[in-house]
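Given below, in the form of structure tokens, are the structures.
In what comes next, subunit A is part of two complexes: it sits with subunit B in the first one and with subunit C in the second one.
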Partner chain A sequence: MTIIFAIFLLTMLVITAVAIVQSSNLFVSVMLTSIFSLLMSINFFVLDAADVALTEAAVGAGITTVIFLSALALTATQEKPNSSGRGIALVVVGLTASLIIYATFDKPRLGDPNAPVHQHVAPYYLDNTMEQMGFPNVVTAVLSSYRGYDTLGEVFVVFAACIGVLFILDARTGTGPMYVARQMTGLRHHLIPQVVARILVPFIVLFGLYVQFHGEYGPGGGFQAGAIIATAFILYALIEGEQAALRAVPRSAQLGLVICGALLFGMVGVLCMIMGGEFLDYSVLMENPVTARQIGIIVIEAGVGMAVCGAMLSIFHAFAARSAGDTHETV
Partner chain B sequence: MKLFEFLGYYNYWVFAVLLMIGFYAVIAKANLIKKLIGLSLFQSAVFLMYISMDKVEGGTAPIIKPDAVDQLYSNPLPQVLILTAIVVGVSTLALGLAIVVRIKERYGTIEENEILDAD
Partner chain C sequence: MIEGLHLFVDIVSWILLIIGSICVLIGGIGVLRMPDFYSRLHAASLTDTMATLALLSGMILQAGFSLAAAKLFAIMLFLLLTGPTATYALANSALLSGYKPKTDVLEKKVS
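What follows is the complex of A and B.
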């Protein structure tokens, strides 16, 4: 039964992707990418990747769509027709697709327990997480402890991208008549979204905090929680106007969150070195290595959550503050 | 059973098709936002391939059940890679969109051929 459902979902994905590329209205394309992400997230869930499904739903269907829409508001919503080079592109794409499909016949079948990918380090993580970490979610254990270096790198990539966006968009408080109007009112004259969002915002934040602190025992962790909490504040900004949102979380606080989050992660690593262990080896932090690892993981997950939440909010406000027609002639 | 074995490759075929749909948008469309949408489709296709590899027949999500005996779990490693890649993906996408916004302000258009003509 599951396999039929999975095939249905995957076929829907392909249809949605074709529709995204076909549509010449960019607004339609962006809304379809949101549906695409939602389908993708259900797919991840069917494939046993609960943590990834949660991330894709929060980031792909939520934040990506909002950022795309705010970029559309600053550029254009209609794509101009252009047919040059379409034929050769179709030929290249068709050939490459058939080559990749031909190559898949050498791959192990889906779900094959003897596939090479399941033979290397994965069994070690599955066998030792309970004993070494003392909590059941292996994904969180690998993310924050066994593969802590990678995660630290990813957090710094998010940090760097956020700084890049702020520089490129020259994110100071925007001006211009459109911006002031949007900043003051938001969607306040639409009664239903306002009432619904007012009820939703606190619960989204609460859910985000649950995902953050329950990440060791169920699907969740810093990346998901940061994204979910950021969506709550973005929803607030869309409904109540940007001024109200910036009063709740000012720009300096958003940047502070990114910087403190990234630093917190790095500092825990350095602290481990000072205590005599290796970088990001939490077991030296306390007498009992299991408790020490748990404390280290809670702290670095908090750092990840802060950094992701701050970065998403800064990026959203950088786009929102730049209104169309307000070009900052800086050439 | 023969059919099921054949369908075991369906995820990878969808991966190939999605990857190429995204790639088509990147090379054939002149609109910069459409190109970025194509890039994110391309990226999602790669995510799908990694997550397809983590599945183990009869397994469940890799959250250990202490009292279950002989429970199979799916591979946690691809999940960790993709989980962080999704968040990094949205940050880099935002960076691309920021550059597109600046191009629009400078050239008044986001169509690649018009930008090339203006230069």
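What follows is the complex of A and C.
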């Protein structure tokens, strides 16, 4: 049954990918990309990777679509016809595809417990997580403790990406006369979506907090929670207009979230060094190493959540401010 | 007595699941076969409301009195709130952007 479902999903993925390439309307492409992410997330779930599925659904299908749409508001909706260089592209794609297909001949069977990737460090994590961390979700343990350096790197990638996007878009500080002039954004005249969204926003934030702080026991953690909470604020911005959203979470608070999140993660590592351990070795933080690790993980997950949430919101608002400024100029 | 009750709940839940599946199927066929955007949306909204209600009620009955049932109920509430709202928002923005409903299809077919 799972096999049939997986084959169905993968077929749908291929069809969606071909449709994305074929469509010349960029709006259609963006919506298809969202569908692609959703299918991918179901696929991850079929493979029992609930944490990744949650991330893909929240980031890939949710936030990325909104950011793509706000980017499209700045550019054209139709793809420019481009016929040059097709031959080279075809050769490159053909070569890469045949290389990848050739490489799959050596691949172990899907889910084979004797595959090299499952024999390296994975058995150690599976055996020791419960004893060393005191909670059952191995993914969270690997992500935030065993492989803490990688996650720290990811948080700084998010941080750098956010700063980069803000520089490229030349985000305004939100005090100029251009900014005050726009009151017509949002769906102010659409009563029904507004009422429903007002009911939903607090529950989405609540669910985000649940995902954040239940990450040790169920699928979830900082990345997913940050994305979900950012979704709630973006929904608020779409419904009530950007001004209201910026009143709720001003730009300084968004940037503060990104910076504090990244710093919090780093500071925990430095604190571990001050307490006499190694960088990001939480066991020295308290008397009991298991409790110490749990506290360390909760703190750094909070840092990850803050950084992701702040980054998503800053990027969205940078796009929104840009498009609003442009429409004002044309008026 | 308990056995009979279990059987009854099982039968009811399967009837609901089948009704829900049929609604999804009708919605899918409708999206493909209907003549214009609004009628297609009308068909698609069947999957948001009727199918959601029937399928998730069926699943709740299958789950019994448990945490899973509570979660399914929360999901059902969420979908019943957002689905029709999304349909409404889509239709409204289509109308506002000047997309006129096709009104002459039926007359042509009748004449």
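Please note the rule applied: the second predicted complex is superposed on the first by the 305 of 331 C-alpha atoms of A that agree within 3 Å, B and C clash if a C-alpha of one lies under 4 Å from a C-alpha of the other, contacts with A are read in each partner's own complex, and residues count from 1 in each chain.
We take it that a residue touches a chain if its C-beta (ideal position, glycine included) is under 8 Å from a C-beta of that chain, and two chains touch if they have at least 3 such contacts.
None of the values given here were measured: they were computed from a predicted structure.
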item: Which superposed partner A:H190 touches (first subunit B, second subunit C, both, neither); value: second
item: Partner chain(s) touched by A:V138 [first = subunit B, second = subunit C, both, neither]; value: first
item: Touched partner set for A:A17, first subunit B, second subunit C, both or neither; value: first
item: Touched partner set for A:L200, first subunit B, second subunit C, both or neither; value: second
item: Per-residue touch tally on subunit A - higher for subunit B or for subunit C; value: B
item: Subunit A residues touching subunit C - in the complex, by the definition given at the top; value: 187, 190, 192-193, 196, 199-200, 203
item: Residues of subunit B touching subunit A in the complex; value: 4-5, 7-25, 27-31, 33-34, 37-38, 40-41, 44, 47-48, 51-66, 72-95, 97-102, 104-106, 109-111, 113-114
item: Footprint of subunit A on subunit C - complex, ascending; value: 78, 81-82, 85, 88-89, 92
item: Touching residues (chain side subunit A, partner subunit B) in the complex; value: 3, 6-7, 10-11, 13-14, 17-18, 20-21, 26, 29-30, 33, 36-37, 40, 43-44, 47-52, 55-56, 59-60, 63-64, 67-68, 71-72, 74-76, 79-80, 82, 84-86, 89-90, 92-94, 96-97, 100-101, 104-105, 107, 109-113, 115, 117-118, 121-122, 125-126, 129-130, 136-139, 141-143, 147, 150-151, 154, 157-158, 161-162, 164-165, 168-169, 217-219, 221, 223-224, 226-227, 308, 311-312, 315, 318-319, 322, 327-328, 331
